[in-house]
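In what comes next, subunit A is part of two complexes: it sits with subunit B in the first one and with subunit C in the second one.
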Partner chain A sequence: MKYLRTFLAMFKGRKLATIGLIWFCIVAVAAIAAPLLAPFDPLEIDPVARLSEPGTPYLFGTDHFGRDSFSRAIYGARMAVIIGLGSVIVALVTGGLIGMISAYFTRLGHVLMRGVDVLMAFPALLLALVLMTLLERSVTNTIIVIGIVYATTTARILFGMTLKLKGEVFVDAAICSGAGHGSILFRHILPNLISPLLVQASFIFAFAQLQAAALDFLGLGLPPEVPSWGNMLSEERIYVTRAPWLLIFPGALIILSVFSMNLVGDAMRDSIDPRFKDDIAGV
Partner chain B sequence: MLVYTIKRLLALIPTLLAASILVFLFIHLIPGDPASILLGDTATPEDVAALTREMGLDQPIWKQYLLWLSNVLQGDLGTSVFFREPVLSVIGDGAETSILLATMTMFWIVLFGIPIGILSATKHGTWVDQMTSGGAMLFASVPTFWLGLYLILIFSVGLGWFPSSGFPSVSDDGGLANLRYLILPSLTLAAPNAALIIRLVRASMLDVSREDHVRTARAKGLHPAKVAIKHVFRNALIAVAAAFGFTFAALVSEAVVTETVFSLPGIGRLVVQSILRRDYPVIQGVILVIVVLYMIINLLVDLAYARLDPRVSLK
Partner chain C sequence: MALLDVTDLEIAVAAGGKLLPVVRGVSFAIEENETLGIVGESGCGKSLTSLAIMGLLEGSQVRITGGSIQFDGRELTTLSAEDRRAIMGDQMAMIFQEPMTSLNPVYRIGDQIVETLRQHRDMTKGQARDRAIELLDLVRIPEPTRRVDSFPHQMSGGQRQRVMIAMALACDPKLLIADEPTTALDVTVQKEVLDLMADLQTRTGTAIVLISHDLGVIAETCDKVAVMYRGKIAEAATTRELFSNMSHPYTRGLLNSIPVVDHDVEWLEAIPGRVPTIDEVLPGCAFHPRCPLAEDRCNAEDPAPRDVANGHAVRCHFAGGAA
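What follows is the complex of A and B.
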C-alpha cells in the first residue's frame, strides 16, 4: 500500500502522465479480459463481410479475410502487454545482473562490459533482425530478441549506478558487519535501484512496442496468424487505399500506448533520486 | 588532444575485432553447413566441396576466421548468392540511395529539431513549451512505417505531390530533380529523430541555463535572445553533438523500415530482402560495413566532443 501511494504521488499535478497511466491500465484490462471483451473470435473468418467499414456489428470494420478488427485489436492488446512485459523482464534481469555484477567485481566487469560494448556497436533493429534470422518467428523468440537489444542499454545504466552506490557509506557499513557479496548486491544495493529500474522498465516497454511492430511489418516478428497490432498493420497495408480505417485503429493503439508509457517514464524519472538523474536519459 | 585521439583509436581495435568475430560466427550459427548456406539452395555437391576447400572450412575455426578477416581487409566480403556478384559491389549499388536519404534526413532533423528545441527551452513552462515537447514525444511514439504509409496515402495517392516509391539515381534522366523521390522517405525518417533532438536541445539548454555564467550574462543586461543563443545554446550544443552517434544508429534501424515502405533501392531494404532470400553473405557483409561505420562515427563524435569540451580529454 505504501509503495502504491508513493508511486501514485509521482503523478500528482501531471495531467498528461496520469492520462498515460490510465491508458496503460485500460490496455492491461483489455489484455487480461480479452476473451470476455472481444465480441468475435479474432481468427473467425466471415468472407461475406470482408473489408466492411466501421459500424455495427463490426466496430472497427473487418480486414481482408473478414475478421473483426475490434476483436483483433483487443487480442492485440494482450500481445502488446506480453511482448512489453516479456522484453522488460529479459532486459532488466540479464542487463541488470550484468551491469551490477560488472560494477561490483571490477575485473570481471571489464570483460563483461566490453562484451556489452560490442553488442551496442550493432544498431538496435539491426541486431534484432540478425538474431531473428537465426531464430524462428515466435512470440518467445521476439521477446528474447527485443529483450537482448535493451539488455545492453540497461547493463550500461545499471553499471554506472552500482558504481556510484558502491562508494556509499552504507555499503562500507554492510561490509564491516560481515555481509557477503550476494547480500550486499541484492539486499543493500538492489533496493536503491528499484526506482531507476522502474523508469527504465517503462521506457523499454514503450520501445519494445515500436520494435515489435517494426519486426512484424518486415515479416520477421510474430508469426503472421498471431493477432498483434503490428501484424494487423503489416497484413492490411496493401488495402490502405480501399480501407484506410484498417490502419488507423491499430496504428493509433500503438502510438497511444508508446506515448503513454513514455509519459509515465518521464513522470517517474522527474521524481527520481537526484543521484541518478544524469544516468537515465531514456532509451 | 593528440594523446586522446590515439588512445581512442587504440581502444577501438579490441571492440572492432570482437565485433568482427561475432559477424564471422553469424554464418556458423545458422543451422546447416556454411558452404551450402553460402552457395544457396541450387548448389551442386561439387560446388559445396570446392567452396569448403576454398574457405578452409575443413580447417580449425580460428584459421577460418583469420582467412576470412584477411579477405575482408582486402575488400573481399564474399559473393552474393542471389546476385552472383561480389557483396561489396551489391552494397555499393545501394549506397547512393542510403547516403542521400541520410543526408536529407539530417537536413530535416537540424532544420526542425534545433529551432523548435530552442523555442521550447526559451519558453520553458509555457503552453508553447508544452505543445512542442508534447508534440515531440508524440512523434517519437509513432511507428515509422505507419507514418510513411499515411504520408504516401496523403501526399502521393491523394494530392499527387510526390512519387510514392522507388528512386532513380541522380545520374539518370531527371538529375537532381529525382531527389523529390526522397522527400517523403526522409521526412518519415526525420520525424522520430527530430523529436529526440528537440527533447535533447530543450533538456540540455535548461541544464545550461541554470549555470553561473548564464546568470552573469543576464545580470550584465544582455538581450535575452543573445543569452539564449550565445551563452546557453552554444554550450548545450555539446550534448547535442554527442547525440549524433546515437542518431546514426537510430537512422540505420529506421532506414531499414523506411526504405522497405517506400521501396527504395538502398542498403536498408537490401538487408531485409537478403534476410527473406536467405542471402547470408550479403547480410554478413552489410552488418560488418554498418558496424564499422557506426564505430567510426562514434569515434568522430567523441573526438568532436573532446574538441568542443576540453574537460573531456583531460579526464
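What follows is the complex of A and C.
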C-alpha cells in the first residue's frame, strides 16, 4: 500500500502522465478481461459482413474475413501486454545480469560489454529483424528477440550504476562483514538499482509495443493468426482506401499505448532522478 | 604471539605499468584489549594499511607487494577468499570514516545487523533481531526496539556511526579497525563515539586499531601510537612515552600544529611543505625536505629505526642525542 501511494505520488500535478497511466490501466483491464469484454470471438469469420463499416454490432467494423475488429483489438491489447511484460522481463533479467556482473567482475566485464557494444551497433529494428529471420514466428520468439534488443541498453545502464555502487563505502562495509560476491551483488547492490530498473521497465514496455507492431507489420513478428494490433495493420493494409477504419483503430491504439507508457516512464524518471527533483520519492 | 602482527608490510600502487611503493616496511603488533593509534597526514599510507589488513585492496590498482599480516596465528596475505570471508565480520571488523555512506541506504539498519549476524552465527531471524536490538541498546541508540526498523537516512551522523559500531561488534570480533571513525562527526559527538568505543573495549576485550590524523583523539584513547610518514613508521611508542618524549621532528611538528585554545597566538605553526607525491624518489629520510633539523646526511641516508627508550623506536638521525 505504501509503495502504491509513493507510485501514485509521482503523478501528482502531471496531467498528461496521469492520462497515460489511466490509458495503461484501461489496456491492462482489456487484456485481463478480454474474453468477457469482447462481443465476438476474434477468430470467428462472418463472410456476409466482411468489410462492414463501424457501427452496430461491429463497433470498429469487420476485416476482410468478416472478423469483428473491436474484439480483435481487445485481444490485441492482451497480446500487447503479454509482449510488453515478456520483453521487459527478458530485457531486465538478461541485460541486468550482464550489466551487473560486468561491472562487478571487471575482467569478464570487458568481454561481455564488448559483446553488448556489438549488438548496440545495430539499429534496434534491424537487429530484431535479423534475429527474427533466424527464428520461427511465435509469441515466445518475438518476446525473446525484443527482450534481447532492449537488454543491451539495460546492460549499459546497469553497468554504469553498478560500477558506481561498487565503490560505495557500504559495499566495503559489507565485504568487511564477511558477505560473499553473490550477497554483495544481489543483496547490497541490486536493491539500490530498483528505481532505475522500474523506469527502464516502463520505457522498454513502450518501445516493445512499437517494435512488435513493426515486426508484425513486416510479417516477421507474431504468427498471422494471432490477433495483435500490428497484425491487424499488416493484414488490412491493402484495404486502406476501401475501409480505412481497419487501419485507423489499431494504429491509434498502438500510438496511444506507446505514448502513454512513455509519459508514465517520464513521470517516474523525473521523480526518481535527483537531477530533476531534490527529494527522492520512496526509498 | 600478538593478536595482530604486521611485519614489513609493503603496498604499491600500479600506475602506468610501474609499481609505486606507498607503504614501505611497516611493522606493528597489537594485543587483545589494546588500542593502537596510527597517526599521520593524508596520503601517508595509514588507511591503505588498514585496508590491506581487511583485504579490501583486492581487485584495485593497489596491491600488497611484501611482508606479512598475521592475525591470531593465521597469515592473512595468502588466505583464500572463502577463509577470509569466514573471519571478516566475525573475528575482525571495520568502521569507516563516512557514517553517511557506510550504511546501505535501501536497508533498514536492523536488517543490516541481522545479515551480519546470520552470516556468521547459526541464528533464526527472530534471535538475530533480538540481538540487533540488544546491540543498538549497547551503542546507546535511544528506543532501539523502534529504531531497529529505521532507514539510515532517518538517523543523524553520530547515530549512524553508532549503528556501524553495533554492526562491527555484532559477532564480538577480536580486532576492530576504526579508520577515522570520528572525523566526519562534530566534536561533541566525537567524544561520545570515542567513549563508547573505549567502554565497549573494556567489556569485550576487543583490540582496536584506531586510525586518525588527530593527535588529540589518539592521546585520549590509545595505549600505543605509531606515527606514519610517507609509508613508514616515523616513531612508535606507548602513548605516555610518546607524548612525554617526542623524538621525531615530524611528531613534534604535528603536535605544534594543533591550535591551543587558551593561548593567544598570531600564527598557527604548521609543518612547511607537503607530503611528497608517491612518484617522487627521495634517497634519504623522506621527511628531510620539511625538517627543521635537516643536514646533508638526511638527504643521503635513510635513517634506520633506533630505540630511544624501551619500546620507543624513532627513524631519525638525531633521535636520542647526536648521531
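The rule is simple: the second predicted complex is superposed on the first by the 273 of 283 C-alpha atoms of A that agree within 3 Å, B and C clash if a C-alpha of one lies under 4 Å from a C-alpha of the other, contacts with A are read in each partner's own complex, and residues count from 1 in each chain.
Following the convention adopted for this analysis, a residue touches a chain if its C-beta (ideal position, glycine included) is under 8 Å from a C-beta of that chain, and two chains touch if they have at least 3 such contacts.
None of these values were measured; they are calculated from a predicted model.
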| item | value |
| --- | --- |
| Subunit B versus subunit C as contact partner of A:16, first or second or both or neither | first |
| Subunit A: partner with more touched residues, subunit B or subunit C | B |
| A:172 touches, of subunit B and subunit C: first, second, both or neither? | second |
| First (subunit B), second (subunit C), both or neither touched by A:125 | first |
| First, second, both or neither for A:188, with subunit B first and subunit C second | second |
| Partner chain(s) touched by A:106 [first = subunit B, second = subunit C, both, neither] | second |
| Partner chain(s) touched by A:233 [first = subunit B, second = subunit C, both, neither] | first |
| Where subunit A meets both subunit C and subunit B, residue numbers | none |
| Of all residues in subunit B, those that touch subunit A in their complex | 14-15, 18-19, 22, 26, 29-30, 134, 137-138, 140-146, 149-150, 153, 157, 248-250, 252-254, 256-257, 260, 271-272, 275-276, 283, 287, 290-291, 294-295 |
| Residues of subunit C that touch subunit A when the two form their complex | 54-56, 59, 85-90, 93-94, 96-98, 101-107, 115-116, 119-120, 151, 164, 167-168, 170 |
| Subunit A - residues contacting subunit B, complex | 16, 114-115, 117-118, 121-126, 129-130, 132-134, 206, 210, 213-214, 217-220, 230, 233, 237, 240-241, 244, 247, 251, 254-255, 258-259, 262-263, 266 |
| List of subunit A residues in touch with subunit C within their complex | 106, 168-170, 172-180, 183, 187-188, 191-192, 194, 283 |
